[in-house]
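Next come two complexes, and both contain chain A; in the first it sits with chain B, in the second with chain C.
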Partner chain A sequence: MTTVATDVAPPDARKAGRYVYGAAVFLLCAWVLVPLYFLLINTLSSPESVNTFPKAFIPEFDLGSLLFFASFAGMLDALKNSILVALLTMVLSIVVGAPAGYALSRFEFRGKELFRMLILLTRAFPLPLLALPLAVMFIRTGLDDTVIGLAMVHTTLAVPFAVLITFSLFSGIPLELEEAAWTLGCTRLTAFTKVVLPLILPGITASAIFAFVISWNEVFAAAVLTIENRTLTAFLLTNLETSPLHLKFAGGFILVVPALIFIFAVRKYLFAMWGIANR
Partner chain B sequence: MAEIQIKNVAKQFGEYQALHDINLTIADQEFMVLLGASGCGKSTLLRIICGLETATTGEVWIGGRRVDHLAPKDRGISMVFQNYAVFPHLTVFENIGFGLRMQKMSNDEVKRRVERTATLMHIEQLLQRYSGELSGGQRQRVAVARALAMEPDVILMDEPLSNLDALLRMEMRAELKGVLAESKTTAIYVTHDQVEAMSMADRISVMHEGKIVQAASPIEVYRNPAAEFVASFIGNPPMNFLNATPAGDGKWSVAGNVVDGPRANGPLQFAIRPEDMQLSDAGLTATAKVVEPLGAHLLVTCELDGKMFRAVLDSDLTVNPGDALTLAPQADRVRWFDPGTTLAVA
Partner chain C sequence: MSARYLPYILILPVTLFLCIFFLYPFVLVAQQAFSTGNGFTLDNFRNVTGHWKFPISLKNTLLLAAAVVPVQVVLALLMATMVSRMKKGRDMVLYIWTIPLGISDLAAGIIWLAIFEQSGFLNSMLSGLGVIDKPANLLTYQNPWIVFVAIALAEIWRATAIMLVILVAGIGLIPREYYEAAEVFGASPWKRFMRITLPLLRPSLSTALVIRVILAFEVFAVVQAIGGTLFPVLMSETFNYQFELLNGGAAAAIALIILAISIGFTVMILRLLRVPKGATI
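Showing the complex of A and B:
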């Protein structure tokens, strides 16, 4: 070996530092992964063995719990509602959020800072506070217990993130690119569709997926504003007391997995929103 | 034919007056350089001509047509940006062909024109690359090729070489000048680099604080600066200034010497370029402070009449700091300025 010793600290201290670092990393990983691991084990266990302890380290790969989940009355409808509401939320929050993000990054206007703060303030009010007046209003307008009504509420939750993510995306695209397109024969619209859109499409997709996850995981508004057309979260919540343990595990698993996969897929853009450099 | 006329153009950003009543005519096929320090309004003027910025008042005419109300795409111009603005999601071929495709040109025609301009800019082997795979100099070539492929009446360039390293800049400077002369387009070129301006321009417009101080040929701007600002901005090192007081009819007293000058009411500023000074038996007496042997010549910074004074001397001379020098100005190169108006006095 021809490595050059550049360390200043004595070897012992460095070794100890490495152990502490390793232990901290291990603890943090365990904090996140152990519950997920139990969720996975229990979901893939037969309904009978869910309550047993200790658990086998390797899952049984018994689909009994999942099959029971699928055959539970109303469960598949709830799953379908969840997907519908989430898809609608995704579309609405991009349609509303992306133009706002573009305007924030490209134009100077009065009250721009105030507007940015207001966007964040929409998340300052706890949903329970808003749910009751919303429910009353929805009943009056006939929006209660509909997929579109719930999607609108979820959109208000997702829009701040859509605006912030698209704002940082648009800001990352030099104005000169658009100006170059204008001088080369584009209007504002064609410059957008031919130059800006192709460049931010991956980011827009990420922002859309994030909106999907927000709606997918939301339980309070869903529980208050729907009765017949419950989403999966609301359905599981209302059946929490009566349903057997393995049904809860299967439901939890079905809820967690798509959210995890999606968030993992778009992590780069979420880091960008929070200003963390990713590698 | 694309003569450009700028009539009474002014631009205000809130309280700040970026341009004051600009009037300028640029002849067909002329290479006009807008030269000035940063913040002098040269880029703003270019962007107004381009249509990326609207003038607060005034008119812009290109080829006998008033264009200041038109979108950039309808003005018959193309622009080369400082940061190149090469579209990262398109290949070099599609970048150069972008404007042609917007005009719904046939595939054959696009291919023909792209290949011709790419050959002209020596990037024909890069056509399938993306901008991320190009060096700064190559991106610059793509940006110029993209502008030329449009076969515009007017080509506008906003500090196109400022992001390149020194050697590449010199090479591109000569190449751009050749290509543009060949293309027979009218060109407006913005820069803060006086060497670029001197070497490329047919005419230089020197701008200062939102005004055009002088618009003339490079040699005229260098030899006969219209104002003190031009004299001290152009030339490296810049012109020297000394105080002159009246000493009778057409005679002026400069640092204890009497020299011939214009008939005017005093006091004036006596100005001379550093290379127009010679060591002599009679003349201005100076004390050498710093001596810089630059190979081609010797740059001596001295103190003269309480002011800093630079002289460019023959590199064979031996001058040491502290030496007393007698410097004779070349009489026909002396210029005079009015300290009140800062304008040249004939």
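Showing the complex of A and C:
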């Protein structure tokens, strides 16, 4: 698939090497895709055939499992909660994170290094564990078992990424552009909204989507901090022992689909994000 | 608004946020772990480490990390170098390889459950090939190794992508000239990899390793989905103490132990892969 035919005929050893290379790329793609295909087969099969043996290797396009998933008590609420928490996390992490990214890229100020350390530090800790003490704090403040409370914890997971990504985005826009706008009568604010913002909007969207995915996928904190208002991951996790196979597979499928779309949407930015976040 | 204060105003929201939801909880979790209601005590730790399940879950967590992380480093390095030489179809291949990045650990566990469960695809394939006549129940306590392998495979499948992304970004930062010079002097691809890519990739490699190792000690949902209670790990013990036994102090104690292990390994990795000062690209 990636063995490129060139007009100069390479020697045999080179050719063999290319075939091995192409085969390896193909195999590694299959390694990622085949398990996903298996999940798809299970999701698009009736509950009966999910539990029969042996399995067919082509989906039968029966919506039984998905309908069962939709009709399972509490499932649609959990789905709704998941979406709400993820949307809130997305908004919060950009609103809170982007200004800091702008500050890091535009200003030299005392404490800048300390601040960067704090941001980087968050990645060296298993953050979901913090949900444990927060559970107590939330009960005291009335935030327990609420969408907003969980969204705040998820924002803690997502905000360091938002800061680093927006920092790299703002750094990519020359200060001269802003300065030119100032000389033409813009204030700092209008220069920002009229010149900088339109330029980085796609990148901001990408980092917002990334925040959405972080929240959507998070399991531990969600399971610790919610009881009645479970998110989809928390609901599936706490019902793992009792739920039938077709419910698990349909649930897994619903979890995977938005992630697939979103990673596709932000694929251009993934590497830029990490390239900067490294240093 | 004076420009002198502007940066501080801009970083204030994040700083406040991280103080409330990152630094403060650390104080709380330590407080919870070191007290049982009346003053400082190590009872929670004694309680937790004295339980028969603790050594098993500690062993399982470490063993899983030891099995999974090296495979992922090699795999991610291999994939990253393959991608860096690719001309056609690079974007497509990269997208496919980074798909697991967006997939939650719970979903990954469920996906591999579909393969390893009794009426799953592994059994179906084996019976199709005539290796077995009837489906065997693979994920039981009689087959601890199969449970382990299933969990390890799911972890490798899910979390190699994060290392891949970091390494691809890192390779992109290595100047082309080094490779061209090496080629002029006749260095083989293997030599170029060993002498240029690996040493210059050190910062990215250490970031990737730190993130990956911390994720490995946090392993939870994959294990729950595939092994259930068959394969206790530290994180599932934390969860059990919090919910089944309603012992917040003990849960906090294990959380601190996980934290300590994570920090220990982070420091070790950063030490081992330290880039000498002034030796940046």
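General remarks:
FYI, the second predicted complex is superposed on the first by the 255 of 279 C-alpha atoms of A that agree within 3 Å, B and C clash if a C-alpha of one lies under 4 Å from a C-alpha of the other, contacts with A are read in each partner's own complex, and residues count from 1 in each chain.
Just so it is clear, a residue touches a chain if its C-beta (ideal position, glycine included) is under 8 Å from a C-beta of that chain, and two chains touch if they have at least 3 such contacts.
Note that the structure is predicted; figures quoted are calculated from it, not measured.
Upon superposition of the two complexes on chain A, no clash is found between chain B and chain C, which fit side by side.
Of the two partner chains placed by the overlay, neither chain B nor chain C lies in contact with A:Val20.
Look at A:Ile58: by the touch rule set out above, it reaches neither chain B nor chain C. Of the two partners chain B and chain C, more chain A residues are in touch with C. With both structures placed on the common chain, the touch criterion links A:Pro174 to chain B but leaves chain C unconnected.
When the shared chain is aligned, chain B comes close enough to touch A:Pro198, but chain C does not. By the touch criterion stated above, A:Thr183 is placed in contact with chain B alone, chain C being left untouched. Shared-chain residue A:Ala73: touches no atom of chain B or chain C.
In the superposed model, A:Pro128 lies in contact with chain C only, and not with chain B. Nearest C-alpha atoms belonging to chain B and chain C sit 11 Å apart in the superposition, given in whole angstrom.
On chain A, the surface touched by chain B in one complex and the surface touched by chain C in the other have no residue in common.
Of all residues in chain A, those touching chain C in their complex are 1-2, 4, 21, 24-25, 28-29, 31-33, 35-36, 38-39, 42, 50-55, 57, 95-97, 99-100, 102-104, 106-107, 109, 111-112, 115, 118-119, 122-130, 132-137, 152-153, 155-156, 159, 163, 188, 213, 216-220, 223-224, 233, 236-237, 240-241, 245, 248-249, 251-252, 255-256, 259-260, 262-264, 267, 270-275, 277-279.
Taken together, the chain C residues at the contact with chain A in this complex read 6-8, 10-11, 13-15, 17-18, 21-22, 24-26, 28-29, 31-32, 78-79, 82, 86-91, 93-107, 110-115, 117-121, 123-124, 127-128, 135, 157, 165-166, 168-170, 172-173, 203-204, 207, 210-211, 214, 217-218, 220-221, 224-225, 228, 235, 238-239, 242, 248, 251-252, 255, 258-259, 262-263, 266. Of all residues in chain A, those touching chain B in their complex are 174, 176-177, 179-187, 190, 194-195, 198-199.
By the touch criterion given at the top, residues 50-52, 71-73, 77-79, 81-83, 85, 87-89, 98-99, 102-103, 146, 150 of chain B touch chain A in their complex.
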